[in-house]
Amino acid sequence: MGPGNPKDSEILKHAEEIGMQIASRKWVLLTGGRKAGVMDAASKGASEAGGEVIGILPGDSHRGMSDFVSIPIVTGVGSARNYINILSSDIVIVCGMGLGTSSEAALAMKHGKPTLFTKVGKSQLDFFQSLTNKKILFFDESDALFEFIEKNLIKD
Amino acid sequence: MGPGNPKDSEILKHAEEIGMQIASRKWVLLTGGRKAGVMDAASKGASEAGGEVIGILPGDSHRGMSDFVSIPIVTGVGSARNYINILSSDIVIVCGMGLGTSSEAALAMKHGKPTLFTKVGKSQLDFFQSLTNKKILFFDESDALFEFIEKNLIKD
Amino acid sequence: MGPGNPKDSEILKHAEEIGMQIASRKWVLLTGGRKAGVMDAASKGASEAGGEVIGILPGDSHRGMSDFVSIPIVTGVGSARNYINILSSDIVIVCGMGLGTSSEAALAMKHGKPTLFTKVGKSQLDFFQSLTNKKILFFDESDALFEFIEKNLIKD
Amino acid sequence: MGPGNPKDSEILKHAEEIGMQIASRKWVLLTGGRKAGVMDAASKGASEAGGEVIGILPGDSHRGMSDFVSIPIVTGVGSARNYINILSSDIVIVCGMGLGTSSEAALAMKHGKPTLFTKVGKSQLDFFQSLTNKKILFFDESDALFEFIEKNLIKD
């Protein structure tokens, strides 16, 4: 999960790397499905590495969908699809921050999903830390992030 | 789409055959995802033929999911997920009839999705015909049904 | 609940009468909220009799809302709002028939809501009767319909 | 909007005061409808001042509803109802902070609703300020909050 219009192109590069890493492990990437920002970049990374990409679209058609989505889910329920994004994910990676992204990160934490932050500023992390007793998981580098997931969140 | 508790086991056998035929064409089956009735039987047919099965679940967890779903979407929105089933499908096959199924068939027709009926009684078909100017598509046999789809609904 | 574009103006007159009867009993009318067909006519009847009218809108703004809605609920979830219409109603009156209306009638019956039909043809009633063991409730005249509600469905 | 289990009883007292102030102006209070925390306290304040209280419930029945809701909307869509809360509100007051509340505040800002914060800490406000170019509206006291609304957000 990440902003549709991030301010920093570094975030897009990072999202693409994350998508690639997900696909290289034969995991499935799930995003908000639109041809925009972090959704699109992560989908590109996963797709080009041969992975499956589920796109949970807010609208009632394929209009505006990322070219890299292989499994489109057309919800027609607008931003209410953020809730479906979260419930359908086993692990939530938050890459960058924005209004929609923060609503998803908060729902992920509320519904007890493992939530990992990357490319999120210190004061923004402090905000999420103020809302939970659990330690917020933050990783600067994608290698460390995926190492953590493999060690701690994947059941054999 | 079809009832979760059909009265007639013939319907389940037919649903399984349809699932198999979908998978044998490398198409993706999308169902309501529960371990019940037509959803489960169609998923079994598709899965055993090596196909992908998307399950759009009404609850907020995997509880009650068919064992044959390969791509679970956890919506948490209850019967409102019927709408997502329809919008996410390119072609809707209605196999058997029940309250939930009739709500999906009506939504499919309302939203202009090609809707094919099988294992539905004459008077029930008349009902749907009374709600539209288009000719209702009904097929007794799955061979005829898939022949129709391939000839008329698939773009090269 | 009733069609947004009924073929028969008689249905609109009947919907307006039903809205009026609801309001005259100090009950609250709940509709799909759009400025169209049965929704609009029932809302007019209730509003002009001094009643409250809840409109559960499919879109993400007030655009297209009936002028007679006093309490707009803006859902943004498209036809998924049909499910909210049903769950939020204590009693469902189906006036006329169409694709959206039939999806609502079926959901109402599925979720155990008392469902009363009026201005629905015999063969269409037979369809709903074929989907349930309970006797379908049909009333030609609104007086008989409200008498039935008061005698059988209202708890003191 | 506010947490269902706030840490600080001061927040509940403040929520009740806000509910009372809303009702005293003949405005309608809309909340998440549950018998818990800020929702319940604000509903109590509004109800006891003679106002209407719309409760947008997440479940599929009235179970767990605040006793002070006068107009229950039963959505059955879980936390997806947060989106409906926001779209249905003309003005969003955020009282206290929590995971669900932060998801609602973010959606409110994303969808352009006037969003006023009260009983929210400085660093939490900084978070929301970091996500928008508009100046975040914060009011320590309810008098100042309602004065702002009347001067700036109410059209004659």
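What to note about this one:
Order of writing sets the labels: A, B, C and D. Residues in every chain begin at 1.
Note that in this section a residue touches a chain if its C-beta (ideal position, glycine included) is under 8 Å from a C-beta of that chain, and two chains touch if they have at least 3 such contacts.
Source: prediction; values computed, not measured.
Between chain A and chain C, the least number of touching-chain steps is 1.
Fitting chain A to chain D on C-alpha positions gives a rotation angle of 180 degrees, to the nearest 5.
More C-beta pairs in contact connect the chains of B-C than those of the other pair, out of B-C and B-D. Averaging Cα coordinates per chain places chain B and chain C 28 Å apart.
Chain A and chain B have Cα centroids separated by 30 Å. Separating the CA-averaged centres of chain B and chain D is a span of 41 Å.
Shown for chain B are the residues in touch with two or more other chains, namely 60, 76-80, 83-84, 111.
Interface residues of chain D, counted against chain C in their complex, comprise 28, 52, 54, 56, 60-61, 71-77, 80, 83-84, 87-88, 111.
In the complex of the two chains, the chain B residues touching chain C come out as 77-80, 82-84, 97-100, 102-104, 106-107, 109-111, 121, 123-124, 126-127, 130-132. In the complex of the two chains, the chain C residues touching chain A come out as 60, 76-80.
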